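Each of the next two complexes has chain A plus one other chain: chain B in the first, chain C in the second.
Then we have the complex of A and B:
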């Protein structure tokens, strides 16, 4: 039963990926714009003469019909070959690998901050929802949620790096040396800036879901049965809020491999965001396809993970025979 | 006639003495002198730090790159950043210096045959690749083959279009045969050489002053001084090229002392130019780049307006270019005259940019048959309102600002402009398909004044002659100037070209930009040129950074 279910889920995931890949490919091909524009420098020294254009199109495989091109790309991708970037002529897998590490590093730290700070904060606010402090806290969270990221980024950078010199100004490492401490210090500003918005969102979300459970009749009954307040909160506040939170965090997984152009640009972080935007602008098909594949793969993985997490938090959700009570 | 150019052993000019580097005795004397200078300046003018760097060990120089290099392969390098790195690691037969003169590098000398069809380079002995192998004429032939291969970037191949053969009759002699005499020929040989003995091109192996150490994609490129460079080791032990895409981060990094130089934009320049604290730490260099910004009016008759020279002239007269620079970017450019740049030798100083004269513009338009019959503020001719689209690319915010300015200025003479901003790939497609009426562009220039690609009638369709100018006399001058090796005759022909362009106004030549670079006072030897900061010889070779001692603060 479980195997059958897993197989079904796997097949559905594969079909989803295939459809997503084809749609991306077709959309890119339909987009106006010259995929060979990357070969014409912006200083405008020349345009491509027809002969060279034909040679380049042939070399990049642009002279073949779309379905054939897609089939070729798919075959190679399945075999693990993501092709060569039109723009730089370097292997796409290598270029992505160079930037994936820093991207994961930054996003995983941000995600850890979001979960590690946002959830407890929200729960705390839910438990003390009546207290005046919590109300101010909620107002502060809303304000935090409303702050524009660029503004926060520049402010934090100016205060902590330029003025106080507490943290590195930019980059992922120093040109020389740099142990774990230096790495973490470099990570601090971009990760906090990236997380800030989501911390506020997750905290508000956790607060509302937990409070609904905490104020429910079940909770009242447990309380009147003499259960300590902390346990009432854990059982009726925290636990039911975990299911939607798992779904929410699952949705954040694809974000792990996506870069933020803004953060990367302000903190000079070598991530995938700028790389992706450049690829789209240059109509660099192999790069865009590889990154979309990565993103859709992570989306599918994230939703599977969310299901699993929700199942663990509340077995009724898992929907398997074994899981049912 | 045969012309021969011989350089001194290490370039054309002797390197100026810039403080102690080689011997201990000199070092001590200079140290004493520097200390004395610091003390004097402290006593004399109230603690002003010394202008020059204070003695100390030579430190790595940190310089910002506005973008990550796309590639380290010198053949594929077409973007500015990639090519700059290829130049630092590699070396070329000849190179442009800060005055745009060609100087010998790997080639010790060169000569032309009497009929100017054969160019012979003799190579400098003792030039080595970074792996120790000697550079030979075979490497030059190999480089030429790579740059003209079918899969080479097209603008590199085009530079060798007129080359018939490149041969290596001896290890230190390269013979290049041209189909026809070609005066700009040497410019193509400023491309970095590539080693014939190694097939893979990454990581780069060059023969230049800087050894490639590493590239952390998206972060930095690190280069080390090559102690075995034929011209001696560069003064800085290391070059850390930091990828800083964001302008404000670049400036913050400069202020925080993380990098040693950064460009200044008009807003920042306004804020710091009278700030003594800033001036004490940084020196601001001002330089023009070989570049001009322009709007091409499509004059080939595909639209009802711009085939008429009076209309094009009216456009230029109606746009207050000097006023734009004054308001938006004071001191960051000057109105352009034609496509020939003031830093090019054949620039004609007698020609002045057309003035801002909206009345004259209006009367020219009236002469051309335009009038506002229906009183809606927009001129018309034959019942058709004078309204067109100005196509621009979204590669810079400045483009959009200039376009908006043009729109506003032309509205005042009764011309309706709709701005059409396009991303680069779409913009390129439009240009290629000829789907535009007026288009705004910037163009970087080579030091050689040949502008056949810009103005020859053969380039009016499918080329970069975007205005579609077809003028038999201009064609003749361009062709003659390409074939003549007499500098005076070339200058005469290009003066004729400039006068004709000025008269015909195929483009509104907007401005020649001026750049500003803030340079840390710890850093010496940084020169600027119309080719920028990295794009000429010696460039970073002369850079030297020494820490300020406590006395300097």
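Then we have the complex of A and C:
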């Protein structure tokens, strides 16, 4: 990967983010009709007398055109000032920092499951792809991919928590005596449901790449040279499927972010997902703006990472991909 | 026709058929999603109520079928919007000059940077003032479609770029057609083919997005049923009445499966060598 290419890609990503930030700002600060809505909670805003209102608008710079206001908001955001939450009257940045931990814990566990289960599942499907009934196996993988996260969450909650009483229904730990065991038990269901969709995706992907690799001519040659089948598969099936997978991880960000929002809401997980939903329902605009921006920033970073990894792993990709448009 | 494609289309036709059937018999007083059976509140599946009743004594079967009409309608609108906007802008970008292409591509990237569910949630929950006059289903469909167009855009743009260098484009230009006309009338129809396989996956994603939004309470709202808000109901009653969420969730699963099977079938037709 050349420096020029990296710089081009970085610049493109920065432009993308800037446009995304402007869209966020325009949609949330301008669309509601009243620009003050992004700064003053509704119940106070509606009872403001006109003089106080004009003073406030001037103080906040709301009498200036939208691009200027956006520049000001962005400047503050870059400096780490994401505004103050309407609901709690605390800095948004601090609230986000407090809720980052649980979300990271959930997503890291899910990622471990995605790689640890999805990959072997895909390899297994690839090895069996010539066997009888392989079509049914591949249909089963597709069905796994089509399973709605919410429905699975509901079924698992009912079966494992309500009927069998094996796992807690929701929460992050027991209010009293919440040791490691309790934490893990609370983590199990949310992490599994969050991972499920991507497990199927990774398995489908690993299956296709591994299969293409181990049916290739290199693999045929290795076989004819007398290498045992297991080694042929490891070298020509498993290895090539690992390379694009690294890139795939970067592209999982949007799915994991959306999944976190749903799963955290289902299981009352005290992370950024529930925070976002609460903020949306309470029209807590500074929080909504900050988290939308965070989600788009992570998505852009993820795809940048994916491009870089794909380019580093396979030089043929580097010359053709996005950066050269 | 490949088997997955046939199975997927059959599944989707069956689901659409049951939804249309429910809508057709509603004027006769059958399968009324709002009628309350006070005698049987939270009743498990029985002869009178095949899928049981919910917390107000409403028939879960009727709500699931009518909810399907709402959910599939919203997802269909979102898909149609994403495909048509994505394809049209993609064709324009693919045959535009450097500046126009860069402008459209960066805009697509910016929209693509938002996880659709999160962006739609923010927009519907916090800022949809200009859209409040619309029926809930169309509102959800429009907002979801707004964040799914970059995918189709990329496919069509790439294909149009390839075609723009072909004799097809030269011929149209030689005949005096303007740039937009060449893009939309001459190149776009040819560039739609690579969009065929991803399209059902877009539709499946839109169905899931509607369900997520309905579940979170910003999509189609009760008392009108949708698969999303029926699932939310299911979670509310998870400890006492499993049937309330089980059946709508199963229908949702079948709809997404139908879309994905159709997409997989089309993909195999496009690339038979990958047939597994």
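Everything that follows uses one rule, which is that the second predicted complex is superposed on the first by the 221 of 325 C-alpha atoms of A that agree within 3 Å, B and C clash if a C-alpha of one lies under 4 Å from a C-alpha of the other, contacts with A are read in each partner's own complex, and residues count from 1 in each chain.
The rule is short, and it goes like this: a residue touches a chain if its C-beta (ideal position, glycine included) is under 8 Å from a C-beta of that chain, and two chains touch if they have at least 3 such contacts.
Quantities reported herein were computed from a predicted structural model and do not represent experimental measurements.
By the touch criterion defined above, A:127 lies against neither chain B nor chain C after alignment on the C-alpha atoms of chain A.
Once the two complexes are laid over each other on the shared chain, residue contacts for A:98 go to chain B alone; chain C is not touched. When both complexes are overlaid on chain A, the residue A:265 reaches chain B and chain C alike. By the touch criterion stated above, A:283 is placed in contact with chain B and with chain C alike.
Legend: residue contacts after superposition of the two complexes on their common chain; A:236 is shown touching neither chain B nor chain C. By the touch criterion defined above, A:169 lies against chain B and chain C together after alignment on the C-alpha atoms of chain A.
In the overlay built on the shared chain, the residue A:186 is in contact with neither chain B nor chain C.
When both complexes are overlaid on chain A, the residue A:157 reaches chain B and chain C alike.
In the superposition on chain A, contact of A:148 is made with chain C only, not with chain B. 32-33, 154, 157-158, 162, 169, 265-266, 281, 283 are the residues of chain A that lie in the contact sets of both chain B and chain C, per the superposition on chain A. The touching residues of chain A, when paired with chain C in their complex, are 12, 15-17, 19-20, 22-24, 27-28, 31-33, 129, 134-135, 138-139, 142-143, 145-151, 154-155, 157-158, 162, 169, 207-208, 211-212, 253-255, 257-258, 261-262, 265-266, 276-277, 280-281, 283, 285, 288, 291-292, 295-297, 299-300, 325. Looking at the complex, you find that chain C touches chain A at residues 4, 101-102, 105-107, 109-119, 121-123, 125-130, 204, 208, 211-212, 215-218, 228, 231, 234-235, 238-239, 242, 245-246, 249-250, 252-253, 256-257, 259-261, 264, 274, 276. The touching residues of chain A, counted against chain B in their complex, run 32-50, 52, 55-56, 59, 87-90, 95, 98-99, 102, 154, 157-158, 161-162, 165, 169-173, 175, 264-271, 274-275, 281-283.
For chain B in complex with chain A, the residues that touch the partner chain are 60, 62, 68, 70-71, 73, 76, 78-80, 150-151, 153-155, 157-158, 202, 216-220, 222, 240, 242-246, 248-249, 252-253, 255-256, 258, 291, 393, 395, 423-429, 431-432, 441-444, 453, 462-464.
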